[in-house]
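Here you go, one structure.
Per-chain residue numbering starts at 1, and chain names A, B, C, D, E and F are given in the order in which the chains are listed.
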Amino acid sequence: MSESKLRFLVFGAHPDDIEFGCGGILLAEASRGSEIALCVCSRGEAGSNAAPNEREAEAREAAKLLGATIEFLELGGDCHLQISPANNIAVARRIRALRPDVLLAPVASLDQHPDHVIVSHLCRNGARLARYAGLAALRELPAHAVQHHLEYAITPGSEPPDHRGKIRVDISAHCVRWVEVMECHQTQLRTRRYVELQTARARLLGLEAGVEYAQALYATGDFLIQSLADLPASVRIF
Amino acid sequence: MSESKLRFLVFGAHPDDIEFGCGGILLAEASRGSEIALCVCSRGEAGSNAAPNEREAEAREAAKLLGATIEFLELGGDCHLQISPANNIAVARRIRALRPDVLLAPVASLDQHPDHVIVSHLCRNGARLARYAGLAALRELPAHAVQHHLEYAITPGSEPPDHRGKIRVDISAHCVRWVEVMECHQTQLRTRRYVELQTARARLLGLEAGVEYAQALYATGDFLIQSLADLPASVRIF
Amino acid sequence: MSESKLRFLVFGAHPDDIEFGCGGILLAEASRGSEIALCVCSRGEAGSNAAPNEREAEAREAAKLLGATIEFLELGGDCHLQISPANNIAVARRIRALRPDVLLAPVASLDQHPDHVIVSHLCRNGARLARYAGLAALRELPAHAVQHHLEYAITPGSEPPDHRGKIRVDISAHCVRWVEVMECHQTQLRTRRYVELQTARARLLGLEAGVEYAQALYATGDFLIQSLADLPASVRIF
Amino acid sequence: MSESKLRFLVFGAHPDDIEFGCGGILLAEASRGSEIALCVCSRGEAGSNAAPNEREAEAREAAKLLGATIEFLELGGDCHLQISPANNIAVARRIRALRPDVLLAPVASLDQHPDHVIVSHLCRNGARLARYAGLAALRELPAHAVQHHLEYAITPGSEPPDHRGKIRVDISAHCVRWVEVMECHQTQLRTRRYVELQTARARLLGLEAGVEYAQALYATGDFLIQSLADLPASVRIF
Amino acid sequence: MSESKLRFLVFGAHPDDIEFGCGGILLAEASRGSEIALCVCSRGEAGSNAAPNEREAEAREAAKLLGATIEFLELGGDCHLQISPANNIAVARRIRALRPDVLLAPVASLDQHPDHVIVSHLCRNGARLARYAGLAALRELPAHAVQHHLEYAITPGSEPPDHRGKIRVDISAHCVRWVEVMECHQTQLRTRRYVELQTARARLLGLEAGVEYAQALYATGDFLIQSLADLPASVRIF
Amino acid sequence: MSESKLRFLVFGAHPDDIEFGCGGILLAEASRGSEIALCVCSRGEAGSNAAPNEREAEAREAAKLLGATIEFLELGGDCHLQISPANNIAVARRIRALRPDVLLAPVASLDQHPDHVIVSHLCRNGARLARYAGLAALRELPAHAVQHHLEYAITPGSEPPDHRGKIRVDISAHCVRWVEVMECHQTQLRTRRYVELQTARARLLGLEAGVEYAQALYATGDFLIQSLADLPASVRIF
């Protein structure tokens, strides 16, 4: 395993999206010394089962278990997110402020909560704006280009169909702790079996790849190599 | 750049497919000590501009410039290739005999010479059969699983549409020699401007990725990593 | 639950495909009195871990647990299947002989064992030929049109991407027995964790739909209703 | 035919969208006692051939023939619709107020009037928000989850391509009356041959399915069944 | 309307495919002096309702009404067609012998009679082989490249989904005669309402484009123009 | 080549989009007497390398070389564009005011600058609104329907995947001047090799089609012809 540590900035729409969608990956990264910053775009104000301050407290607890910092971005609140120049710029401002190596965001598939889709687009737009030096609204912060912009799927139904070459991350060594992280969101687990759903999904992604558990990331662009020795392992089991 | 050398087995339908479709990549690999074996599935018997023995001589000359071994597989001849159990097994036999780390084959897009599509399917099937120990017809050779099975597009029209996460290989340092390799196929260059077509294409793939020239490879499955430090560089220029 | 019993004809390429791909569905149907006939198109002759007679014995044992009849169709053997008029007709002959209400076959996605794809196409073609009265080769048997022609995915990688409106069948009550059915194929479970893979998959398909376990079927055509009261339940949980 | 009556809520962007896109289906449902509520999101203020009050009068006349209630939702007016949190909530409020079993909305294909696409997205978002109990703006109304959320295509060009498993509804017995319903929109028929277009389309969808006339509905999710006896009839004619 | 006459070669799998799939277009072309040659790849030997000699007689009658020549190609017979080098070459031989400007063939969509798909592929392969001068089997005939290779869809279910830029041909002036052409195939009309199906379809394609009746052709490649004045009319009605 | 002159209205998001994406086509049209009007929807205010007034000056210089008029539309500024009724109407107003035969706009593929996508949608919406006579906000200008609405791809990554039947325009005679037009945007060429990127791309599109250089246009709808003699040349080289 490589020794180089990375700086992560991870966006989610609601207080539990990140933990469910890529929590195991973040634990794997934290365990090798990477720095993780979470940026949550609402406090789950529309949820059926908890008040926003409870949701925020759960997310802060989960972030602590992840070894991550967490902040809440004010973009209008749960179910009130919108793609707008102001929101694109707000996301770009966080990217410039934190200067991550890796940006993680939800995928943009339509078949999921509309806030997930909107945060996906805000991150795509924000990552571009973070690079454009001339943008007056962001002039106080130097431009920044991330090294990797990858996406995660919060629910199985939002996994991009027919995506060849996706990245599976082995999270076998972190699965127990990942369950603990997800279980921080107790208010959300009263009516939906999210933890079982996510572990069944990680089990399937792992077994297909010959390991115990895996979570997937989707590239938003191509890769560039000097030699095929630079490629990660290919999955060819079944 | 990684130091580890790899063993390549590269399939093509006709004597010039490999050189046009991934010749620059092979030069890059050969330059760092990888072993390259070419397996050509016809002698171009249907071509307008040359006899099969001329085509074979050109291919042997090109293989020499590539620093590769070359063999011709008898599968019925140019425009007579077929997907059949016997041909699947013939390909699997070469894989078992040569035991490559990396298998390169044409993509299977429909909009190209039908022989290209057939060789693509023969390689997909052959790579599976090479792994199945019980296959009576191959019992004399031990089963073998390749580490990477990647595909190359011989013509721009056959590039798989909408493939996110494809692999671009920087061939900038090898472009002059790649032109020499392609120019070995003099009989094919009399009526078609293949060399200009391929260099324009590599120029475009390279400039988009921030280098001078690149050729692309398409993953046939997912990748598995332990950490994002294992990922190759992402292309994010335009 | 409806009381009407159905006659099933289920095709698979290898001795364990049916059990892994739709075994739970068949148990659910058998439990309500439907008749199940399995038609296996090889004896797994190319497999690494068992002789064909062992594979056949395992399949016969599994069929017994399923409460199904089983027959083996001679189409050239494992890894030697082909799409050909003769094989299309051989499949059509079984359809005419058994006159099923429901035909189940593998999906035709490319990313799986080529024999699976071939059996999928043989069933599509055979189901048509079974209906054409003029076909000389089948004149001894009256033409037959199935009521439903549905497909199952043997591996998760072969699930048709972006298929809206697929049919999930609740197999929660039959999951324990389904594991017993799959475990009949002991020779295949030595090197691959198929049972865990399939149960993780059924768990995921089930939890998404609000039940414990489910397996999916893919329609090959449209449905016709007189009123929306005729529709089965829609899945709308996450 | 099933006896159970259903409560329908049907959204359209302009005064004639519902009648053209699924009028025959609504007549079939009304004839068996289902309750139909239409919700029209503009008064066609941008149309070339009539004033908004004429358009509204035509729609009210058509609703009467359909045996449906009708209301007009103020979302900015024809050609001024937008996807916004406020509009999502406005749609969710109608769903909570009327508590339908079945929600019908336009498909979201891009190749049609932009208002159609926007109403499609507003319904997808609104149907979710209707279920989230915590949403402050809707607290006065209890949360509601629809049983079926299906979509209809107003024009042939907006039919979702490559949608397997769509639902065709036999409207043969209601076609004469459906033409009368469409002809209520006289101002729209002066320059466009909508009635002929829609009946040609229903004729084609019907003949393919072995009946006289049919209209299609597109599932937005999967179906869940206990047994294949629960499936509606499959279309397998040509 | 342009004055230049064209030479057409039209392939079909069965005796009525061409008439149903593009008969109106052929009448339009014949009326302006183009030469039409039909090449039918079976005699419908598997059909339920007629003997092969009846089918052939019907096709010859239809060809007469179309003002076309007709020949029957022996490729194994109805339901016995195969993609093979020999059959590819047989098609290429007809192309070289007749030297058409325009080649019309069925589309290759999977959801139709397998013979249609096979003839589509034979034509794609044959059109290439017709151009390769070195092919020993065809050396007696000079190589030939068609100007246009377009495809037609025999049934509505086989229309390529999401094909932007397809070509609609106005057949309004020829619709009555087209029905007469289709009605030559009396034996096929006893159990299936093909004529109504095809006219409903042409009505829909026509009304959408602002004319009475149209049939569609699908490009197999791009177009090259010197100026936008060279473009045919765009359809922009609804 | 046809003699008829056309009136063009071309939309771009930033001062160099039009020149890079279809500058060669516009030169070809201008050379035969067509009138070209450019409408640029920002002044590139967010760019890294120049002030808006420099960007505007460069665009005016390029327009002069193109022989085109140019205007700047105020829609919020670079990186602040939005799809909104007001912006749709602003675009429709330009269409009604200029009454073009041909409307050119960027493609709507997601993988490019978000402003490009937004301008694409504004043009799709605006072209519709320009036709609706009842729209109060535009009543001062008579309705107008364009003859052709075609799209261009500013970057290679935004080319619509799998688009069969696209239009390639031969720009070989105008390539030198096109480079001069692109080089007007000197401030943009300091950090990105856009001119080399675009000429490599045009070279590839041209060589594939048998000419020196070409740029591509994508149809937004179908074409309608009376006879196949009306079709432009098909590209069938490789």
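Basically, a residue touches a chain if its C-beta (ideal position, glycine included) is under 8 Å from a C-beta of that chain, and two chains touch if they have at least 3 such contacts.
None of these values were measured; they are calculated from a predicted model.
The chains that touch both chain A and chain D are C, F. Homomeric contact chain A/chain F is classed as different-residue, with under half of its interface positions used by both copies.
Put simply, the chain farthest from chain C by mean CA position is F. When the contact pairs of D-F are matched by residue number across C-D, A-B or A-D, over half of them reappear in A-D. Put simply, the C-alpha centre of chain A and that of chain C have 37 angstrom between them. Rounded to a whole number, the gap between the C-alpha centres of chain B and chain D is 51 angstrom.
Those residues of chain E in touch with two or more other chains are numbered 220-221. By the definition given earlier, chain contacts exist for A-B, A-C, A-D, A-F, B-C, B-E, B-F, C-D, C-E, D-E, D-F, E-F. Interface of chain D with chain A (complex): residues 84-85, 88-89, 108, 121, 124-125, 128-129, 131-136, 143, 220-221. Across the complex, chain F meets chain B through its residues 112, 155-157, 161-162, 192-193, 196-197, 200-201, 203-204, 207-208, 237-238.
Chain contact summary for the complex, chain D toward chain F: residues 44-50, 76, 78-82, 110-111, 113-114. Against chain E, in their complex, chain F makes its touches with residues 1-6, 25, 28-29, 32, 34, 102, 145-150, 163-170, 209-211, 214, 216-236.
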